[in-house]
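Consider the two complexes below, in which subunit A is the common component and subunit B and subunit C are the respective partners.
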Partner chain A sequence: MSGRSEAPAAVSAVRRLGRNVLATPGRLWASFSRAGRPATDRSRSKFVFGNVFLHLHPARVHRWSLRWTTTWGLGIAALSAFLITLITGVLLMFYYKPYPSAAYNTIKDIHFVVPTGRFIRNIHRWAANVMVVTVLLHMARTFFTAAYRKPREFNWVVGMGLLALTLGLSFTGYLLPWDQLAYWAITIGANIAQSPRELTDALGITAYFDPGGFQKLILLGSTDVGEEALIRFYLFHVMLLPLGLVALLAVHFWRIRKDGGLVRPAGADERLGSVDPETYPVFTEAPDKTYHLAAVVKGRTPWVGRGPENTLPAMPHLFYAELAVLMLVVFLCVGLALLVDAPLKELANPDLPENPAKAPWYFLGLQELVSHSAFMGGIGIPAVVLVGLGLIPYLDRETHGTGEWFGGPGGLRLVALSAAVGLGSVLGIEAFAIRFGWLRTWWPDIPQLVITFVNPGTFLTVVYGVFSVWAVRRYDSTRAGALALFTCFLCGFIVLTIIGAHFRGPNWEFYWSPSHWPGH
Partner chain B sequence: MKANKYLLLWSSAATLVVLALAAFDENVTQEWRVLQREYRSRLEPPAAGEFAMQLRQVVVPSLGVVDRCPSCHVGMAPGEKGLPGDPVFSAHPDVGHDPANMGCVACHSGQGRATEKADAHGDVAFWPEPMIEPAYAYAGCGTCHTHLGVPNLEAFRRGIERLERYDCLACHRVDGRGGTLRPGAQGGFEGPDLSHVGVTGFRTDWYDTHLEQCGKVAEPAWCTAFGPIPEPDRAAIEAYLASCVGAPGLIEAKALFHSSGCRGCHAIDGVGGDDGPDLTRFGQKDPALLDFSGVPGEHTLPNWISAHFENPQRVVPGSQMPALGLSASDVERLTYYLMSLRGAGVPGRFWPQDRVRAEWLGEREFATDGATLYEAFCSACHGPGGEGMRYPGMAAFPAIGNPDFLAVASDRFIRVTIEKGRPGRRMPAWGELSGGLRPEEIDAVLAHLRKLGGVEGPSDHGPRRWVAGSAARGRRLYERYCAGCHGREGEGKEGPALANPRFQASATDTYLVETVQRGRRGTSMEGFAQASPVRPALDEADIESIITFVRTLESR
Partner chain C sequence: MTDRDDVVGSSESRLSPHPVARRDFLGLGALGSAAAAFLFATIGMLRLPKAAVLPSPSRRFKVVLPESLPFEEPYLAPGRHVALIRDAEGVFAVSNVCTHLGCIVKPSATGFYCPCHGSRFDRTGQVLAGPAPRPLPWLAVRKAGENTYVVDEEKEVPAGTKEVA
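Coming up: the complex of A and B.
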């Protein structure tokens, strides 16, 4: 009864409901952005500022950062490769079964019958390699433009963590196909982890103190590569390492913003010239704002009366650049995936060692050093390099050349000289060791401890160190020493990797080409 | 910004092109799609309409089989009739096993999961088990039928010969031969196909029922083709028929293997000598792991095996295997048998009866008469007739069928020699070896040896050691007349090793003295009781002195 008396009001509510229903799509779309449709430079900036994903970007970006030569897009390329592996990796997880009896067959099924499975696995594999390469290049770019300097020191350290996670992801993924390539590469990798034993064995303390064996045990969950290792690597590969990488990536990007964007040289504004007249003068449109956060901003005061004229709205300028790099990487990965299949050898056979068994390519430099001395190649030299890299921003407190390619005392000339010294000495010492052998060849009874400390790897490290000290004194600059050392180690890494990949055959003997290997 | 925009445009466009190519590749150009389109186009209208373009596979979880071969060989998919006579699309011939229950790879090898020809046939790198070539098709049986029963080769061949001589093939078919006697072109007389009769079994009273039929039936074929068969020939025919399991060529190859003495050095499934490599899974060797530098022709396992038979040292430098001087057809047969040594880890409930009987009940798969055992285990070294063998680069193997030897060697001496062997020489201890011979088998071999020489052994009574000559004199004589072949310390060179402790233990002085006196006709061992152009005859005292010295070699 009462319902009937209230009928007119009910009708109006229903009508309102109807109108609301009709208006919902438009409102949903409008509510998507906190600042309305991103139609103008101002609203676009607000759009970027108010979006949880996009606000990792600055609302405006300096024109210097958009120059191709500033970064060559390497960081974004590495991120793009990571996103590709993430998506393709999740797709592969639908079919992959991480158990020794099933793993290989699931890869075969992915290859042969899963729709687009082969293509997706190829993309995954190529993107992973592109990621390793771009991360290394990105690091080299950061170093050579002296971008690690204050206030970006810590982001350099975060970047090293990202490098380690990238290699870890790639390495853990290597085992999953459970073929001969995977099995023996991981066996080699695990033996590299076990390399401190060379030292503890030489000292005769392995029975009491065995960090090498412990590292291998942690890595494999057993003494050999088996089902424990597989499930462990799988867990690391699909969960722990990606989560860690995403977390560190967030820190990495956030620090870029907080540390003042990408590095640029002191005279960047002058060198860029005048601003495009169409650029929107953001700071003069509504000069009625106060800056409450001024108290926590670094620097004495916000610049008043001087807008960031040399900046452009991140949307669309920066976005186009980023998307261009993303699509370039996508093209590279799908193109390679179409042309070259990801490798898959015979089913893993613990009774039939591959000869030569080679680690993944980015560890072949280490494997070459390990062939001279397990401890030095596996732990000693990598530790020296990692600590040295981490210390660079804290030792180099200079400002000359920040943001310039090969900036700093010595510059490109010093880098070229260092490359010559770096290449010359690594080629020389390797050629000598390959041609004439080393201490064990001449004195078979020599104590292993001597070889641990005097081998081609340590010899090379010392040569590089001495040369770097010379550069420090010659240019009276820490940066010069860093330039020399980094360039030398980069050359050493490249040459040793190529030797390990191409010139080493069965029993790690030297061959000019794999076609000369015996038995083929 | 413009440059970035164009970069984005072009990289996106290029990506789209690549994706389109990938989609085309995935959905149009795949080999099995092309083949299935062709198959469909050759079907008659109603069948063509019902034919679905899809991957086809045989899945047998208990065997771990996932075989996608019917994706291309559509005629072999369950429910498909196939195109008769077509090399790709025909239905599978009737072989007693339905591919729908067994899959394909169990018999044919190759890569069942693959969907492209090269991968599926195993003609790619990193696939260790390529398909078995058609010439060796029945070698695939060896995957499960590891212990196919096999008669003596001679009996087998006699069986075939009798089968043909008594015109059984007039009415019966065996392995595709025979059964052609048909008055008129069609619907003629035809007896049952006997190709699988070894598996299905046959009536033991077949001969009587045939005779009975022959009397009753007016059919002229009965009268012309069938007649009385004497008992020994019936037995030969029955022995042959019992080996008919539908794998033509394989049984003969296996019989040849067991008449060539191969098990003397090689063990298969735990039976045989250990001087050479175990051959149990030889047919599954990965060709990619073999050295083909001494092998002419393609890099296939059969080629490797054939080349190895012809010249072992050229294929495997330093091989201890003698070049057996086999005929080309025998090389081919032995290669066939080796290809069938696959012995995959098939679950026990898939084992055929003969394998169960062999592995669980310890039955032999080969005939266990003395002749077969001798041929299977001894003949490669001691010769098919016990005449001893000489292979280039190896010491001569003793002629144990030699009447001179059998006349002086007691049964006990021979039995102990077979049981304990000659440590340090190539003669294994057949009674002690894990894959060796059983006591009753050694007895059978011994009996066969006696038959070969036609000589009974001497009684083994009397003192085992009685010579009492002068060792110093014996030494001089030994060095002059014996050391050339037996070695200065009796270590054995061309002739047997006299210092061998097992030899010393089992040989009596009588045996030694008589051997020196009589020698071995037909071998390098002369009889020293007679003079020869280059030396005088030795008298009994000389020979006893020599034996006295030979006995001193034992302790060295």
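Coming up: the complex of A and C.
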């Protein structure tokens, strides 16, 4: 060893050190980015699958999937809204204390004292609303383009779970401000959970079998909305439901890839025509082999039997599109947050219900049904709708119209007819019930069981069901029935929500406008 | 099993094993017991969130009716969701929690009404209108002195049970 340690070697080691120091920023960047600048087909692909956050994406994406009219970017918009609520929610957790004596005051502090607190809370509130809207629209898009069909059936079911978790997140967040709005909305929500008792009471079996009471007890940890309920809702809101949502989201995205990407109609390649020569290069090198990874994917795969002519590299085409959607959602939430404050009413008062006491807007359709029968409106009909929606891909096994807007027998004509029937029947039955009352108005001693099963909500459900059976027979197609039913329920949901939000006043009576409400 | 069917001259012997091989049986048994363990652990964990002792304060309380309380006029027990009513036959207590969705009903000229979904009840709690599925429950009342009564909110009594004043 000693023989080798001569002066020139020592000098060169020091110089090598100096050179390494100078080269460190460049090497740090090179080791960070792994693939270098995404300039060639190869490096653009490596940009995607060499990155832990991006590799859920395909390296190349079909031009059909990139058209705005394919998806309107609604799934990414819902994800963007979720990310915004995640970030703003964590910020709010710095100050919020989930205890009845403190909760309301900390929200007030966030609103009036904490720097940017009011702005962040407004964004959180608006992003949550945007998320509910975009999730519903995303579901409608998936339905109307028949994208739930084989092999994507189960991803539709996963989507149902995501819808339920989204509504659950919104609902649990509603209690946390501990104001009058929160307190009474949650009291009503918890009693909807208890509403199977309406049925068990009428049958006289509540003493032995009480699923309603059990649900309420698990939700509230007590008989009333109190400190136990607040800490439980907090736990659900910041921990259990977000974890569940993230887990299901991972499954949802992963399955999009595994089920062959976004849905495309059979003739998509012919309809797309040739690539615009101005487009960022489709190929920078001639591909000498087809994409062998596609061989392990089951079913109709993107690139089996044809070259990747109609695909574009995900970097930049897909990522820039996604970034545009994200920026649009951020812009929307920030804009709304600047214009309209999140509400904060008086401190919760367990002795004095709000009049009218209204649930969050997306539950007002349910509340309208609940005002006819608690069990059917709160549990029975929503369960029928959720199970019905989940079963759609297993009942509709047709292939005609997949990937087309309003595809399938009947098409847009049937959707328009269904919208007319859906709107007409919901408006008709509600107008009738508001003008003439219902069974108990005419026969005050009528048994509760009759009202539970015969009320405007169940009547409407039966009308929609009969109409969709008619559509199945008329077009000899289950897809036609699904189109009819989904359109009808969408119309029913929208109309009932508007009635609950705008036309219901004190004592849940009908008013043409909130300005006609009697003064307090 | 199927791949053993074509063995020449196959018959029941120790060379043609039972349809479920011994190894498979042990493996399936292990898998099944693991599944059962997870299932019961989950059920056991769900026992925790179901509170055995409820944190609410005592549901029995004492109330003093004003000497001047007219017959048939509901008296709202302070801090409780219970109305006490005195008539010629005696005193009874009616819960003020709506049987529809748990809002607090308010006294009106004819009885009670609920501000949440418009249910209306008469003075004895019978449903007159609205979505309420049941009458307002009557609660146990016991006389404990001059104009003093003890109400037990836990104990429901049949409608018409009155404590002689």
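By our rule, the second predicted complex is superposed on the first by the 465 of 520 C-alpha atoms of A that agree within 3 Å, B and C clash if a C-alpha of one lies under 4 Å from a C-alpha of the other, contacts with A are read in each partner's own complex, and residues count from 1 in each chain.
By definition in this document, contacts are C-beta pairs under 8 Å (C-beta built on N, C-alpha and C of every residue); 3 or more make two chains touch, one makes a residue touch a chain.
Treat the numbers as computed from the prediction; the structure is a model and nothing was measured.
S.K.: Between subunit B and subunit C, which one contacts more residues of subunit A in the superposed model?
M.R.: Looking at subunit A, the partner in contact with more of its residues is C.
S.K.: Just to be sure I read the superposition right, which of the two partners does A:357 touch: subunit B = first, subunit C = second, or both, or neither?
M.R.: second
S.K.: Contacts for A:316 in the overlay, against subunit B (first) and subunit C (second): which applies, first, second, both or neither?
M.R.: first
S.K.: Tell me which partner A:184 touches in the superposition: subunit B (first), subunit C (second), both or neither.
M.R.: A:184 sits against subunit C, while subunit B stays out of touch.
S.K.: Once chain A of both complexes is superposed, is A:373 in touch with subunit B (first), subunit C (second), both, or neither?
M.R.: Touch partner of A:373: subunit C, not subunit B.
S.K.: Quick check for you: in the superposed arrangement, does A:327 touch first (subunit B), second (subunit C), both or neither?
M.R.: first
S.K.: Once the shared chain is lined up, is A:383 touching subunit B (first), subunit C (second), both, or neither of them?
M.R.: Neither partner.
S.K.: Quick check on the output: what are the common subunit A residues between the subunit B footprint and the subunit C footprint?
M.R.: Subunit A residues touching both partners: 352.
S.K.: Help me check something: in the complex, which residues belonging to subunit A touch subunit B?
M.R.: Touching subunit B from subunit A are residues 66, 68, 105, 108-109, 112-113, 115-116, 119, 179-180, 312, 316-317, 320-321, 323-324, 327-328, 330-331, 334-335, 337-338, 344-346, 352, 519.
S.K.: Quick one: in the complex, what on subunit A touches subunit C?
M.R.: Those residues of subunit A that touch subunit C are 184, 187-188, 190-192, 194-195, 198, 201-202, 214, 217-218, 221-224, 226-228, 232, 350-357, 370-375, 437, 440-441, 444, 448, 451-452, 506-509.
S.K.: Please name which positions on subunit C make contact with subunit A in the complex.
M.R.: Touching subunit A from subunit C are residues 49-51, 54-56, 79, 81, 100-104, 113-118, 127-131, 133-134.
S.K.: Which residues of subunit B touch subunit A once you look at their complex with the stated criterion?
M.R.: Where subunit B meets subunit A, its residues are 1, 3-5, 7-8, 11-12, 14-15, 18-19, 21-22, 25-26, 55, 66, 68, 111, 113-116, 119, 126-128, 286, 289, 291.
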